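Below is the structure I would like to discuss, written out as structure tokens.
Order as written gives the chain letters A, B, C and D; numbering starts at 1 within each chain.
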Amino acid sequence: MSVVWDRRRTAWAAGWRAFAAQRSGVAGLALLGLAVLVAVLMPLLTGADALNVARVVAPAWEPPGSGHLLGTDHTGRSVALLVLNGTAVSLLVGLTAAGLSVAIGTLIGVTAGHFGGWWGALLMRVTDFFLVIPALVLAIALSSVLPRGMGTIILAIALTSWPSTARVVRAQTLAVEARPFVERARALGGGHLHVTGKHVLPAVLPLVLVNTTLTVAYAIVAESTLAFLGLGDPTRLSWGSMLHQAQLQGAVSKEAWWFLLPPGLGIIAVVLAFTLVGRALETVINPRLRG
Amino acid sequence: MRIAGKLGGAVVSLSMVVVLGFFLFRVIPGDPVVSWTRGRPTTPEMQAALRAEWGLDKPLPQQFLDYLGKLLRGDMGTSFTYSRPVLDVISERVGPTLLLVGTSTLIAVLLGLWLGIRGAWRRDSRFDRVSTGVALTLWSTPTFWLGMLLMMATGDLFPSRGMRDTDTAPGFFSQAVDVAHHLVLPSVTLIAVVYAQYQMVMRSSLLEELHASYLTTARAKGLRDDLVRRRHAVPNALLPVLTLVFLHLGLVVAGAITTETVFTWPGLGLLFYEALTGPDYALLQGLMVVTAGAVVVMNVFADLLYRVLDPRVRAA
Amino acid sequence: MLELRDLTVHYGSRAAVRDVSLTVERGQTLGLAGESGSGKTTLGLSVLRLLPRSAELSGSVLLDGEDVAEMSWGRLRAVRWTQASVVFQGAMHALNPVRRVGAQIAEPMELHGVSGSVAELLEQVELPASKARAYPHELSGGQRQRVMIAMALACDPRLIVADEPTTALDVIVQAQVLGLMRRLVDERSLSLLMISHDLSVLTSTCDDLAVMYQGEIVERGRATSVISSPRHPHTAALAAAFPTIGAPEFRFAGQAPVREPLLRTEELQVNFGPLRAVDGVSLEVGRGEIVALVGESGSGKTTLARTIMGLQRPSSGRVIFDGAPIPLKGKALKAYRRQVQLVLQDPTSALNPRHSVYEAVAEGLRIHAIPGDEESLVTAAVERSELRPAELFLPSLPHELSGGQLQRVVIAGALALGPRLLVADEPVASLDASVRGEILALLLRLRAELELAALIITHDLGLAWNIADRVAVMYQGRIVEQGTVEQVLLDPRHEYTRKLLAAVPSTTRA
Amino acid sequence: MRAKVLRLAAAIIAVTITSPFTSPPSAMAQAQPPVTLKVAIVQQIDSLNPFIAVFQSSTEVGRLMYDYLTAYAQADQKVVEGVAKTWEPSPGKLTWTFTVPDGKKWSDGKPLTARDVAFTYNLMLTNEVARTANGSFVANFESVTATDDRTVVVKTKAPQITMTALDVPIVPQHVWESVTDIKNYANDQVPVVGSGPFVLTEYKAGEYIKLKANRSYWRGAAKYDELHFVYFKNADAAVQALAKGEVDLVNRMAPAQFDSLADKENVTRNKAQGRRFNELLINPGAQTRTGTPIGDGNPALRDVRVRRAIARAIDLDALVKRVNAGYAEVGTGIIPPVFPKYHWEPSAAERRTFDAAAAKAELDAAGYPPKDGVRLSLRLLGRAGRAYDEQASEYLKQSLADIGIKIDVQLVSDDQLNQTTTAATYDLAFSGWGTNVDPDFILGLHTCGQRPGADGTGGTTDSYFCDAEYDRLYAQQLSEFDEAKRVEIVKAMQARFYDQVPSVVLCYENALEAYRSDRFSRFPVQPQTGGVIMAQNGVWGYYGAEPAAQSASSGSGRSWLGIAAGGVVVLVAAGGWFVARRRRATAEERE
């Protein structure tokens, strides 16, 4: 049915218009686009030796100016290059962890909401439990238990951040299931798969999208925190590991603000971008939030 | 009846904390005795003795049962690092954390609620836009980074570590001033990072209420704008926020770990970090059980409080 | 007392109220009728300038000769509630849920420095003084509405604006509240501006009637004359929606078919924990027969319908369809559901807002994997529900259609599967009066053409009179009376049925 | 209702704020503030119980509280008087007689006698828990008896070279004989009775330790009143505190931190030779004590030529320059140059100079020609969070890539590192050891006997070195009581180790320290040249610190500035609130 697709396209276009009407959301999206571009292009643009500690010749702890836009770090590498190249891992960890977390959350939320009964109650009990106990504490515990590496960080963040998604999705599932059109679908003879697949999931997905952007924001901050606590993957360059190095090497007492400031601002920019996009999406989905 | 259910749920949650605390740290593929004796002249006999003392030589189920039994007697084992009961080590660090987290949460909640109420009431005003923007930015900021930055930026104004100087004159007043002075940077850091969520929650909760028709009723009665807000809108909007304040306590705890680490604040967060670098399983286990347990208990408390404050729930 | 002069209210570019001029004299009671979206609520709110900030108001609203639109905020606050007060629609939401109702009643008195006692006010609305300590959720709908009225009387205003004061109340309670309002208005010689979509409610309370349509007043006059000889077609349509029971001109159903049993329930019982929602119900629907199941909210009629659909498992008893007990699960249940289709009360929520009309109608076909050309089956079903030409409607999304069209889509979705029984839960309750007749006509035509039986669940006795062959009255989970329409509605046996009938406001009685 | 809630909240705040002060420190209302040395420590104190405490910070505090039987001289680390003034071994070196002179006192005034010494050692011999920290020193003891108040006789099962290097705090019998449960004895009943130059007066976990000078110390009281150890989570914070004048002495600095203090006023830096070395382990084919191979080290590394090639491919000078920022000495033997007597430097002929071409040639000769530019693929294990490992791994990766060895860097947690080295599932790994005055421990570490037992546990080595020649030399030096001869053997062992390369000693890191010269004019370092102030084999640095002529109370002026700033913030906030209130009053006319 091309007609159907046309309608879909119109619906998307309308959604986009509602999104575009919010300047902060558009700004966030632009910032994200930029970050993704940087993440993809920088590794290609950076020379092989520019970030190799054994090859760089610049003196360590150079302040900005003097040939290096943002100065150099403790090994003489350009901070500007480091920050730009760190984008990729920070984004990757954030997106993967959030994707995984949201997938778990959605699965559990839909199941708990749809099936209800003692099974749903059990799932919700578990969700509530994980919601209550401090996620970061658990993430720290997990990443100290598992072998060091990016996979561990992703897993630790994902396994501790899904409950909020599960809760929201469950609430939405319950709301959708209470709607008469689901009753109608059941009356038409639709089974579990039909109801969840045709009615619940499509209704939940926009919310999941919003949650994903917000979870990415959380995941990026969490990655940097774990890295700061020395639980990150030190062989990979990320903003978190840069800050970890800055702390380890004494950037604060050296007053090397140029080493400390850029990675943090990078985190803030990307996290803020995700948050803004998420809030804008939320407004698109829930028109009541509109002014 | 419902209260009994809640309490039962909390008990279940607490026991899940206990179980998780145990298995998480026993899954660690490592031998604490080896990491312990590293770099020190020890004999295999001493290592075996340590292993026996820490109960690491028994099968895992037996270790778990021992752990449970001891826990019920209030014994969380002996810290590998401090060679003292975990509970003792933890309890002497509770005070500073309560002080830091308590002060910060209180100020953050008040600040967040105030900003959230003002912002929602004058929605899309400049105040609203600016305060929301600031809140979102701070919310996006890694706690430790902000702490390090503040430390660097304030220079000599505030002490960079700890809770007090060792050579402050005795006496309540000078001690209090000294602690307050030390409290400034860590609490500002913690407040800056956590207040935003209270503001955002309060703001959206109040925005939801703004559509409520009882506000039209209140206006129709001739109430002044601020009375409509104070008497009608805020009390209603505040109730859901209350639960969220407690639900977000976990985030504050997380913030406390990094803040205390950055500022060497002698509380549970710092202890957590220390236990992590050990790693001191017994202590980590105890800390997780205690913090998670505390948050669970606080949430039950919030639930009961909610019951007292909200007549709708009370009746249900 | 109240005079509107050329009042126009815009929301953005849309005019909700257009050039309305209206007066309410001192002591006069005026009913303002109109469908949803006709601008009647906006008009009501503009009396005290309670419109949202996005509204632009022009013209003048004179309250006791003073223009509300021109007042300073301070003056406006002083006028509010002392000169005119409002009884809002939906007291559950119009009362602050976390404050005791006594405090809410007392609030305007304190504010305006008026003396008076909450207990006295409660007494006036026939509530015990102890209810002052109650929270809104602890009161029943009727009690809440009484609290609202007591609150409106608190500062002894001269004018009361009542916006749908009895909507969502059950018939009997509605009658009581209306009676109370009539009494108070008389006793205190108040002016009343009462807003409702329900002509029968207005005529039973008000002397005068104004009808609003698309933001304009299309008719105004004495209530009786407006009803008996409507000049505007819209008024006529509105009037038709509130039938007079017993009047032959409101009886649309033709001759009842010869009874051949199709569906029968035997001693059906459904428990929710200790609560017995359906208590030993035996009911029969014949082939091509239309049965109305009448009852108030909470009487168990919806649960009964769900049990018949197989959506709810009975605690005991059974449902027999076409001679065999209905299956409780699996493929057989699925097959049974082809035979019996559900039409829900609110078509806007009965359709997935994301699915086009085509998808909504085809949904059943896809679930049951009906062979044949899906597109032509869908088109046929849609046209059968009188959405012609089908191509025009198929790609539409629900929000682009009107309520009446949506209900036809729902019916089309049911028809696509070729069912033999329709279970319709309040099929016209949420529709505007003007389309109500059309949907009823459609149901009757389907019955005639397809021999489609229908079980219509409703609180509206008028609806039963309109189209049902037989009526069953449900009260507290039991069927207290059943029989042909004439038997039950014209010669009720059971006391409850009599009470129900007595409470129905009628356009002709006033 | 609302007022009640507020009052309750206020009460809660009041309680939380005041709780830390419920036990105010012992009031010492002195007219003149005491002169205090404040030292930053970055490692927490695990215990104050000297039998249990193993952290370096704790043993250092322990030394201040309790003298050992002997001490090491400040200038040259020679064995000098501790609790015992003289000692005499029997001809067979199996019986040692120590003499404790009259007149030494515990800080509570009771006399310190040979009986206290015997009590301490016997406690360790009889109580397993008491052996937790220093058990290895008495493992070889047969018996310890005090024949009178002045004389204690120690009999050993075999000759023991470390008899004058028994790093065991001697505790007072009259306090400890009543301690039944040593494991749970916190030893924090202040003031803690001790014999050292300082007496513990207060301890707050995670915050600080306060000691005051022992006025009756037998060497004479320290020249100032109090010694405070203040805990910092990381060196960075400590360095800042030093710059601000919050503490007077800091060590364990990173090069950048040390540099950052270069031109700070009133700060004097001390670059000292450290007692630690960093090494790169090369798995030589790990085996258990019984000779069963364990782990999965690359078999190529069993070939000593390959190990030598790897060693040759590493430019140690560049490594020191880049990773240590020059604050280290290039590594050779396993005893650092801070112990010049035992330190070994290769002769020109023995020395392996950095030469990538030669390394390649050696690999070719060993039968590892490059395939697609790669001769070997090796794993390099390091500890995450350790600055040295994190940086040096990058260099090594590059250097070895230059000779065709592909490196997979794995930085893991401390725990995993231990586990991996214990299981010998590594090819290359970073490691490092601190050394003592007596080289026995570090030498013994690399003997065959230190390899793990048949069950894979119980080993202390991480090099898995097992060399007959080396072991023979080790046994020889153990019973060689002629110092000059022993030095020769020790050097020969290091040469053998260097030649066989079970590990490459990369560097000896400098100990970087700094102190406030406006508060303390001089600290004795050990040894006299290039020595350290903190982490000495003794307490000379603390004990001999000399206060500056006019030592101002540190930091207080600045802190008042901060308090003033805080006050201003509060005032501004309050002012803003009032303005907001006023504004609101005028805004009431809106809706």
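Keep in mind that, in the parts below, a contact is a pair of C-beta atoms (placed from the backbone, for glycine too) under 8 Å apart; a residue touches a chain by one contact, two chains touch by 3 or more.
Remember, it's a predicted structure, so these values are computed and weren't measured experimentally.
Contact with chain A and chain B alike is made by C, D. Of all chains shown, B has the CA centroid lying nearest to the centroid of every protein CA atom. For chain D, the chain with the farthest CA centroid is C.
Separating the CA-averaged centres of chain B and chain C is a span of 51 Å. In terms of their C-alpha centroids, the spacing between chain A and chain D amounts to 41 Å.
Note on chain placement: the centre of chain B and the centre of chain D lie 34 Å apart, centres being C-alpha means.
Here the spacing of chain A and chain C, counted between their Cα centres, is 47 Å. Shown for chain B are the residues in touch with two or more other chains, namely 28, 151, 219, 224, 261, 273, 277, 279.
Each of the following residues of chain D touches two or more other chains: 237, 240, 385, 413, 416, 590-591.
Residue positions of chain A with contacts to 2 or more other chains are 144, 230-231, 247, 251-252, 255.
In the complex of the two chains, the chain A residues touching chain D come out as 52-55, 60-61, 74-76, 144, 147-148, 230-235, 244-245, 247-256. Chain C contributes residues 45, 48, 50, 76-82, 85-86, 88-90, 93-99, 107-108, 111-112, 135, 137-138, 151 to its touches with chain B in the complex. By the touch criterion stated above, chain D contacts chain B in their complex at residues 9, 12-13, 16-21, 24-29, 33-34, 36, 38, 44, 46-47, 49, 52, 54-55, 128, 131-132, 135-136, 139, 183-184, 186, 204-208, 210, 226, 228, 230-233, 237-238, 240-241, 244, 246, 385, 413-416, 418-419, 422, 433-434, 441, 453, 457-458, 460, 553-555, 558-559, 561-563, 565-566, 584, 588, 590-591. For chain A in complex with chain B, the residues that touch the partner chain are 24, 125-126, 128-129, 131-138, 140-142, 144-145, 217, 221, 224-225, 228-231, 243, 246-247, 251-252, 255, 257, 260-261, 263-264, 267-268, 271-272, 275-276, 279, 288-289, 291. Touching chain C in their complex are the following residues of chain B: 212-214, 216-224, 231-232, 235-236, 239, 310-312, 315.
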